[in-house]
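These are the structures in question, set out in turn.
Both of the next two complexes hold subunit A, though its partner changes from subunit B to subunit C.
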Partner chain A sequence: MSGTLGIIVDITLNSLVLGGVFLIVAIGLNIIYGLSRIMNMAHGALYAVGAYIGFSLVASGLNFFAALLIAPLIVGVIGLIIERTIIAPMRKRSMAYTLILTYGLMFFLDGSIKYIWGNKPRFIELPEFMQGTLPILGTDYPVFRLVTLLLIILIMGALMLFLNKTKIGIILRASSTIPEMVSCLGVNMSYVHMGAFVLGCVMAGLAGIIAGPLTTIDPLMGGEMLISSFVVIVIGGLGSLRGAVIAALLVGGVQTLAEFFITDLAMVIVYILMAVILAFMPRGLLGEGKFE
Partner chain B sequence: MNRMTTIPGIRSGFHPIHIVFIIILLSGLVAFPFVSGNRFYISLITEMMIYGLLAMSLDVLLGYTGLLSFMHNAYLGISAYVVGLFLIHVSPASFWLACLAGIAFTCVVALPVGWVQVRTGGLAFALLTLAFGMMFHTIVWKWYDVTGGDDGLMGMPNPDINLFGITIGNSGDPLVIYMFTLVIVTLCFFITRRIINSPFGAVLEAIRENESRAAFIGINVRKYKLLGWMLACLLAGIAGALFILYKGYIGPSTMSAFAGAGVLMMVLLGGMGSLWGPLAGAVFFIYIQDYISTMTEHWEIYLGLVVIFLVLFLPTGFAGLTDHIRRLRKE
Partner chain C sequence: MEKRHKILEIENMQTYYGDSHVIQGLSMHVYEQEAVSIIGRNGAGKTTTLRSIMGLTPPRSGNIFIDGRQTTRWQPHKISRLGVAYVPAERHIFPGLSVEENLRLAARPGSGEDAWTFEKVCEHFPVLADRSHQDGATLSGGQQQTLAIGRALISNPRIIIMDEPSQGLSPILVQTITDVVLKFCVQSGITLLIVEQNYQMALKVASRHYLMDTRGEIVNNMTTRQLEDNPEIIQAHLSV
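Let's look at the complex of A and B:
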């Protein structure tokens, strides 16, 4: 059995994995919010849709890694349809309306998930090499969690490259700071908003299929993740990407620790942490952030 | 939110037609149980009135202060649980004391939550209402020893309702609860209307219309937002006390996010910022819910679709429709 060191390694790695999943979901939300000032309440539901589509793809005999590519794309297409049909006409209305609109969308998606896949919990079957454990510093750590961690790092790296080095990424970042100027330079802002929404949805779908093997896939997962990612972006500062990174790791760590010690009411500890941070820093750790 | 803002103190009176309408409505509601005697409709109308009160309390927040609360039903739930627990564990006969305990406890819980929420600004406020609401839901759901967890709180005794030493009736009797709810909801409606039409209400509306301007003319925005929040939670607490007296039972599903969306929809349906609109919205919503849930288990999908439809095509609700009609007639 694992000793104290093993437990510490276990908790550290688990925190990183959990924080990483929070991060990907929260970054997706922040991209949408930072670019088009829309808080997507259906983000958790899209995350769940990603997980369920991943489950169906893998269950139909597709390779896990192929599903990892295809599921987020499908979620992206769903996001594109949503954006063009109901979000785009709402841009000029006040924030309360888009909040309520996407809240309705969340129930529609959650209901559709229950309609298509039922209430039964599902599991994504992993490829054989990911099913074992690997001995690290006195503990046997599951291989798939290590692969998950690696994937999260890869995704974040790719996202950073995309935002910093490609032309589209630079347009996106510029639009979050001075949309009028970008618009004057001949960029169609409608497409920027669309791109941001679709990118956010792809991130949600990715997080869904990555998190699928970590937890059971059930209709409640979307709602839980929505709340967690809200906690993350509110602690980090709305729209701030760096803040999200810090907050996601913080929340991931606190939640893992709390789950280790008191199990059932772990989330309550996270809320208390959030309340304390907001009491002293009402705008979150890094403030209403720049998108960089 | 382009509706005409009322000038405080000037339109606080009722139009004669409205007075006639209200008298007819109230006397109809009082007479209903004696005319019909149908137990099912009596309890359905009681539920409509309780949810109407809750929707109205959310309207104080959403329609007048411009703050969105996704899970206002959580405060109904807290109050209901405390009233139930008080009657079960402390004193099974003290009716008023139990109600007072429930409402007071709701306010005690709402105060620090509101204090944190108003410091963060409009959007984060909305997200935090959801987070804190889910926190209360989780606590109630998982704290099996006290709340009964998934099974809900059962075995509540039915105390007698006393007023000035006279026993009005037993709270287990649907007819008594119907009348009691009617009286309390009517009182709450007029008191809230009075508060909203006072200078205090005008300050709330100023914050809704333009927060920074309100701050420039010297209004303490955070303080008034917190007061608006507390008023809304107080009303939700009253609704919660009525709720458990009417049902005799409360479970965690009453405090779920899904139920919270229902309350939000009642306000949307009726129209924000009109007080009577959400009451009408609640009546319509409870009726439809009762009707559809017997036909399909996928009520969630329809709820979502209706919310999307309402926001896209009828953002002003029923109250907005009457404004439209009035404007058409003038032209």
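Let's look at the complex of A and C:
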């Protein structure tokens, strides 16, 4: 196999890939929470839907990268339908309403997945060039994981450009701080809430198809990811994008390390990390309730 | 008498804040290009009046007309699009957004060559131009007030609704802000409705004044001249 250096490289890259997937899911959740104060319990299920749609698109002969663009858009359309039908009418009510509604939606989506795709695990067929390994500093690292890492960096870069350079991005950032003033500048806040929800769902779908090749696609993947992404946004601070970046890398790293040394206790160690951080910083690392 | 266009008219407005009946039957009007102030004690309901006009705290009954349109139940963004700009007492500069982003967010094209643009704001407010890349939340109180006014101007509004612009500012800064309001709002033909506890500032910028009692009712409507000739009226309304 490989020496110590190879193991370090393996663990580092695996941490980044896992942390990156957590980050994209968690940021989607955070955008929705930061702008609309909605905790989307169906977020993990939408991530799973993204993975399954990606699987079906590739299985039907579509190029993997084309599927990478189309699957998140389909999840975005599903998100739009969800927002218009069950989220928007509850906007003026307490957060408990959307919490319960999206919790029910999670069961509906999980059930739909089992109905359409069944219980058996699925695998996304990768393009040939992504199936090999590449020698890096004493280890043979899978090419598809490197491509995944690159995609995560591209997605985060695009998201940052969107939030910082476009007018819609500026509106979203302003709306996470003083929404009332944004509406006084002529912005219809119901479109802001709708856009935030759809954007969050697109991120979930994107993470789903990206993570598809990393894990097996099965009906449990959504629930597991929902919990992991909650851990990330709780550690990072609810609504904070920068906090989510730090927390995702932290959780990705700790989980990868823990899996390497004590596989059975990996998740336990992640929860201990969360408990310790919350004991000293009850609002998470960068929790201010705003989003930047 | 000259027949002038009422750009803002309020009829018997009743507004509640939660369970408390803050505005108990308010009627007033503002003519186009007029500068009007509402003077009253703290807690009289001046801010609530402005919030009702803006659609942030809609009245329970009564009517509000802006430019002849019944806007009583309208949402804030629709009212804003009629050309109404709001400068709240808290300034509400967006934290995490640069000075430039705070301005660009509000920018709306105006007609004519002297319409407000980002460049024009920078030209007239060098203090903002120098800090255009700085986080708006890091500005001092006076700079934030300047930015809040600049953000109102850049939307090229027909009416500016301003809540306590002097709040928390030193006397020198109050003078600066007074000059800004006079030059760019009042003398530029933008209709102004201003709420002030600092009645000296109100007398300087507005030409007509509504005196509000603690039940949110208008008890007097006087010109600056009438108020200056009868200072005891102001004392009766503002002294503690």
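One rule holds in what follows: the second predicted complex is superposed on the first by the 291 of 292 C-alpha atoms of A that agree within 3 Å, B and C clash if a C-alpha of one lies under 4 Å from a C-alpha of the other, contacts with A are read in each partner's own complex, and residues count from 1 in each chain.
Following the convention adopted for this analysis, contacts are C-beta pairs under 8 Å (C-beta built on N, C-alpha and C of every residue); 3 or more make two chains touch, one makes a residue touch a chain.
Quick caveat: nothing in here was measured; it's all calculated off a predicted structure.
Student: One more residue to check, A:R173. First (subunit B), second (subunit C), both or neither?
Tutor: After superposing on A, A:R173 lies in contact with subunit C but is clear of subunit B.
Student: In the superposed model, which partner reaches more residues of subunit A, subunit B or subunit C?
Tutor: Subunit A has more residues touched by B than by the other partner.
Student: Would you sort A:V187 into first (subunit B), second (subunit C), both or neither based on which partner it touches?
Tutor: A:V187 contacts subunit C only, not subunit B.
Student: Which partner chains sit in contact with A:G111 here, subunit B, subunit C, both or neither? Use first/second/both/neither.
Tutor: In the superposition, A:G111 contacts subunit B only.
Student: Once the structures are superposed on A, label A:Y271 by its partner contacts, choosing first (subunit B), second (subunit C), both or neither.
Tutor: first
Student: Would you check which partner chain A:I100 touches, where first means subunit B only, second means subunit C only, and both and neither mean what they say?
Tutor: first
Student: Just subunit B (first), just subunit C (second), both, or neither: which does A:A279 touch?
Tutor: Only subunit B; A:A279 stays clear of subunit C.
Student: Across the two complexes, what residues of subunit A are contacted by subunit B and by subunit C?
Tutor: Subunit A residues touching both partners: none found.
Student: Along subunit B, where are the residues that touch subunit A in the complex?
Tutor: 1, 62, 66, 68, 70, 112-113, 115-116, 119-124, 126-128, 130-132, 134-135, 138-139, 142-143, 257-258, 261, 264, 268, 298-308, 310-312, 315
Student: Which subunit A residues qualify as touching subunit C in the complex?
Tutor: The contact residues of subunit A facing subunit C are 167, 170-171, 173-174, 177-178, 180-189, 290, 292.
Student: Can you list the residues on subunit C that touch subunit A in the complex?
Tutor: The touching residues are 54, 56, 75-77, 80-81, 86, 88, 92, 94-97, 101-102, 104-106, 108, 151, 155.
Student: Subunit B touches which residues of subunit A in the complex?
Tutor: 39, 86, 89-90, 93-97, 99-101, 103-112, 114-115, 223, 226-227, 230-231, 233-234, 238, 264-265, 267-268, 271, 274-275, 278-279, 282-284
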